Amino acid sequence: MNLVSCSVVSNHELNPGNFLITLKVPRGFARPQPGQFVHLRVGDGFEPLLRRPYSLEGFMEKGSLRAVRIYYSVVGRGSAVLARQQKGTKLDLIGPLGIGFAPRPRRLPILVAGGRGVAPLLFLSRRLRERKRPYVFLYGARSKAELYGVREVRGGRVHLATDDGSIGYKGSVMDLLAREWSESGQTPLTAEIFTCGPHGLLHAISDFARDRGIRCEASLEGPMACAVGACRGCPVPLLPGVDSGRYPAMCLEGPVMDATVVDWARLP
Amino acid sequence: MNLVSCSVVSNHELNPGNFLITLKVPRGFARPQPGQFVHLRVGDGFEPLLRRPYSLEGFMEKGSLRAVRIYYSVVGRGSAVLARQQKGTKLDLIGPLGIGFAPRPRRLPILVAGGRGVAPLLFLSRRLRERKRPYVFLYGARSKAELYGVREVRGGRVHLATDDGSIGYKGSVMDLLAREWSESGQTPLTAEIFTCGPHGLLHAISDFARDRGIRCEASLEGPMACAVGACRGCPVPLLPGVDSGRYPAMCLEGPVMDATVVDWARLP
Amino acid sequence: MKPSLEVRIGGLTLRNPVLVASGIIGYGREYERLTDLSRIGGIVTKTVTLRPRAGNPPPRVCETPSGMLNSIGIENPGLSGYLEQKVPILRDLPCAAIVSVEGEDVGEFCELVRGVDGSGAAHAIEVNISCPNVGPHGMRYSTDAGMAREVMSAIRPLTKLPLIAKLTPNVTRIAEIAQACEDCGADAVSLVNTFVGMAVDARTRKPILGTVLGGLSGPAIKPLALAKLWETVQAVDIPVIGMGGIARPMDAVEFLLTGATAVEVGTALFANPSLPEECVDAIEESVRLAAGTTVDDLIGALEVPEGRGVIRAGRAARREPGRHAS
Amino acid sequence: MKPSLEVRIGGLTLRNPVLVASGIIGYGREYERLTDLSRIGGIVTKTVTLRPRAGNPPPRVCETPSGMLNSIGIENPGLSGYLEQKVPILRDLPCAAIVSVEGEDVGEFCELVRGVDGSGAAHAIEVNISCPNVGPHGMRYSTDAGMAREVMSAIRPLTKLPLIAKLTPNVTRIAEIAQACEDCGADAVSLVNTFVGMAVDARTRKPILGTVLGGLSGPAIKPLALAKLWETVQAVDIPVIGMGGIARPMDAVEFLLTGATAVEVGTALFANPSLPEECVDAIEESVRLAAGTTVDDLIGALEVPEGRGVIRAGRAARREPGRHAS
C-alpha cells in the first residue's frame, strides 16, 4: 500500500451514468489483487472533502508503464467531480487496499455480478484466464445497454440476465444462479461463489449459499474515511454469535468477505 | 437590476493572473452605466458559497445580442473557479448594480487607473468618446506587460506610468497625476477626477484632490454578500463628522463614491 | 389534487412553511425583483432595536469553507425608523411579515413589542434573544434560561401577535432555553441563529472581521442546526421553526422531517434568490411522493431506530440516551 | 539559520508544534507508509477506555459540506489490549506518543491513568473529557466545570506525565471548563473535539448515521474552533493545543497566531496524509517571513484592535466585551 500520484489517461461515459477511467500509476504502486480497491482523491478543494473508495476493474502493465482502471457510477458529489476530470489531470490515490478474492485450488469459481458490481469480477475473470482456470460468469443488469465488458470475458462460460429480457435470461441474476446451480451438478466441494453488486442481491446470494453450504465471497461497499484501518469508520456487522459482536473494518478485513457471516440486514 | 442567466462567450488570460471574460446576457439585463457592477455566481456548489462582485469593463450590444465584459485577477477561490469556466458554460448574475461614475457637464474628466482598476475606467472612456467628450487617461501598472486596453483608449489623451519604467513615466500614477495636474493648468472648476485601483492609491489620490478642492469619484472594493442593500455587509467608513457615523452600503450607495469623504484608513 | 402546505404558528396561518430568515432580505423590498415573495410563507425582517444602530466597523463579512462569518452589528433604523420607513413596505408584502426585535434589557424588549404590535404591519414577532453579544450584556439573554424567561414573560401580556423566540445555538442545552420560552407563553421557537466564529489572515496576522468574532452561517452549519432542532423538538410541544445552512431545496425537507413546522432560508439566498420558491416545490413534491395529503405528513416523520439519538434534556430526560461518541 | 520550532507542554518538549489528533491515525502504524512521523511533533492515539469497546452500529461516517460526521463509538481494545498490542507500537514511534484516555467515571479515569503511566510508552496523556455522550453519563464531564474538576484533581496525583485535558466545544463557556482543568493541575488543554451534529436522508426519511447524532469535524468547523481557542487563551495561562478543521498548511499558522502552543491535524489527514509535514514547513516559513528566530514569535502574535473581540469569561471578564452581533 502506498500514496501515489496518478494522471488521467482516459475517462469516458460507457452507458448512461457509468464511466470508465484509466489512471497511470508509478511503479511505486504494487501489483493489486482482484477485489482490492484504491482510495482516490477525485479533485482538490473541500468538495468533496474525503477520498472515495473504488474497486479496481483492471490493472495494466507494459514495460515500466502501469495503469489502473475504475468503472464507476455518478451517484453524488465525488463521482460527479471525478466524471469532470479530463485527460492529463493529476490526482492521487492510496492503494492497493484491502483483501481481494481468494479462489481455492481445484474448485470451479462461479462469478456473480450485479450491475456496476461487475468491475472487480472482470478483474478476477482475467486473472483466472491467465491462470488457465475455467470459470462461470453470471452477469445481471437492468437491460442490455447496461451490460459492460461482456465481450472481454474469455476463457469462461458467460450467462446473462436482464430485468427487461433485452438479452439473456429475463429476470434477476439471483434466479439465474439458482437455475445454473441446480443444472450444473456442482456441489459445495466442487464450486464456490464470488459476487459483487447491490447489497440486496448480495444478501440473497449469501442466503442461497448458506442454505447449501456453498463457500461465497462478496465484495462490500460503504462509506469510508481513512480506508487504512485507522478511523474505524467502516464497520461490517456480523451475524449474532459470529466473533462476539466485534465489527471488522471493511477497509482492512474486506472489502471482500465471507458473505455467509455478514449481517446484511444491518448493513446500510 | 435583475437576476439573469448568462453564458461564457470567451474567457482568456491576457497577462499573468489577469483574465478577460465575456458573458452573453439576455435583453432582461438593463443597459449598465460605467462604474456599475454585477454580482456573479462563478460556479455551482458551495465552493465558493457566495457570489462575487465585478465591475463591468464593457457592455456590447448588437441587435438583440447583449454581452458584458469583466477584467479580473485570480486572487482566491472564486476567481480561480471563474478562470476555469469554459466557453458555453452557463452562469448567472445579478445586475447592473450600484451607482456608477457621474461626469459633470463642461468639465474635463481625468481618469486615473491603477492596475486592474482600469476596467471600469475603460468602460467610462468609451462612453465619453461616444459622447464626443475629451478626457485625460492616466494609467499606472507595475510594468508594460500588465497594461491592458491602452490601445482601446481613443478620443482621449493617454499618459502611462510603470513602476519599472518599461514604458511611460517611471513611477506611480499618483506622481504622474501630480505632474500632469500642475502642468495642465486645470482648476477644480474645469476638471474632475475619476479613479479606480488599489485602495492605497485611491487614498493618496483622494488626499491630493481634497487638498486642492478637486471633485474626485473613486470606485471602491470590498467583500459583499447580497450586493443589493439587504444584508448591510459592505459598510463604507466615512471621515469623522461626515453623515453622523452612518455606514453607507458600498453595494447601494457605491461602489463609486465621492473619494474625499471616505475614511480610507478604516477601509480594509 | 394539490397537497396543502399550510402550517400554523400560534394564531398565524402560513401559506406554506418556507420563510426567509432575519437579516437576509432586509424588509422584503430589496429582493422584490429577485425572489417571488407571493410564493412563499413569509419573511422575517432585519432585527429592529429600540435606538437606531450604525452597525460594526468593516469588514463585516468573510467567506469560510461552505459558510460565511458576519458581524453586521444589527444595523437598523431603530423603532421609530421602522415605524416611519418600513411599516409601509411591510403592508404591501404579498406574504406574511414577521418582525424581528431585540432589546438590550427587558424594558427595551417591552417597548419594542408594544411599538411593533401597535404598527399593525406585523403578522408575528420574532424575539431575537439570540444575537451574539451586543454591548456589555454579552449573550446573556440567549444563554441563560432564567433571562429568557424574564424577557418572554414580560412581553407576552403586551401583544396578541404570535411570539417566536429565536434561540442561539451557542449553549450547552438549547432545549432548556426552548422550554423556558414555552413555559412563558412563546407560540414557537426558531433556531438556529449563527454560531460564534472567527477568521484569521495568516499573512497580515490580523483577524479578518473588524470585530474579530462573528457569526457562522451557511451549509457548513447544517448538521449542527439539525442536531439542535432534533434536541429541541424532543423537549417542547410548541412549533419549532428550523434553519441553518439550508442551501438546496431538499434541505428544507430534511428540517421538516426532523420536526420543524417551518423553515427559514438564510445565507444561501445570497447565492440563489429563487431558493425559497424551490424549497416550496421540493416540499410539495415530497408530500406527493409519500402519498401524503398535507405537509403534516412530513413534519417529524423521520424514522429513528428505537432509543437512538435521544438527547436527555428536561422533558426528554425520561428516554434512553443516544450514543454517538467518536 | 534554521528557526527553532520546539514547544513545551508541561515537562514534554516537542520537536515542533504539529501533532495528529486522536482517532485519526490509530496508534501510528496505520499511517507509517503515508505520513512521515519523524518530521512532526507527535501523535495522539485513539482514545483508550478501560474495557474494550466494539463501537457503534453502521453507518459511522457521513460527509457534509466541507466537513464530516462520525459516530465511531470509541472502538478500542481497552486498557489491557492497549498494554499488550499497542504499547510495543508506540515504543517504536519516531515522534512523541500522547495517549488519549476516557473513563465512564472518576474511578475508571484513575485506573486508566495509572495503567498508561505504568506502561512507559506514553510521553503525555490526553484526558478525553469531551466525547459526545457515551452511555448514560451523557456529556457530563465535558459540559460541567465541577465534573471536570473532579476528574482532573483525582488523576493529577497519579502521574508525573503531562496531563492534557481535551475539551468539548458543545458548551456555553468553554473557558470555564478550561480554567477548572488549569486549577486542578492540567499541564495543558486541547480543543476542540467534534461539534454535535446530525444528517438526514430526505429520500429514505432516515437519519444517515446509525446513532442518529454524531460529531462534526473538518474545515466547516474551523471558524468555530478558532473562536473557542480565542476564548480559551484569554482565560488560562497554561498552553492550549488547538485543532478543528486544519486542512491547509497555513491553517496551522492561523491557530498559532490565535494563541495555540501546538496544533492537532484531524479529518483532513484522510484526504492528505502529508498535511502534518506541510504544516511544519508552513510554520517554519512563517517564522522566517516574520524575521523571527523561534516559533514563539508566532504564538499569540495576532494583532487585535484594542478592546475588540474579547470574550468575558472568568479571568478575562475584566476586559471590554467584544461586539459581533449580526
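Letters are used for the chains, namely A, B, C and D, taken in the order the chains are written, and counting of residues starts over at 1 for each.
What we mean here is this: a contact is a pair of C-beta atoms (placed from the backbone, for glycine too) under 8 Å apart; a residue touches a chain by one contact, two chains touch by 3 or more.
Remember, it's a predicted structure, so these values are computed and weren't measured experimentally.
Between chain A and chain D, the least number of touching-chain steps is 1. Centroid analysis (C-alpha atoms only) places A farthest from chain C. Rounded to whole angstrom units, the spacing between the C-alpha centres of chain A and chain B is 55. Chain centres here are Cα means. That of chain B falls 46 Å from that of chain D.
With each centre defined as the average position of its C-alpha atoms, the distance from chain C to chain D rounds to 32 Å. Contacts with at least two other chains are made by residues 23, 56, 65-67, 70, 72, 210, 218-219, 247 of chain D. Looking at chain B, one finds that residues 46-47, 77 touch two or more other chains. Of all the residues in chain D, the ones that touch chain C in their complex are 22-23, 47, 56, 64-67, 69-74, 131-136, 138, 143, 170-172, 193-200, 202, 204-207, 209-216, 218-224, 226-227, 230, 245, 247, 250, 253-254, 257-258, 286, 290, 301-305, 308-309, 311-312, 321-326. Per the touch definition, chain A reaches chain D in the complex via residues 1-3, 41, 46-51, 77, 94, 222-237, 245-247, 266-268. Contacts from chain C toward chain B in the complex involve residues 23-26, 30-31, 33-34, 46, 54-63, 65-68, 70, 72, 75, 210, 218-219, 247, 267-274.
Those residues of chain A whose C-beta lies close enough to touch chain B in the complex are 45-47, 77.
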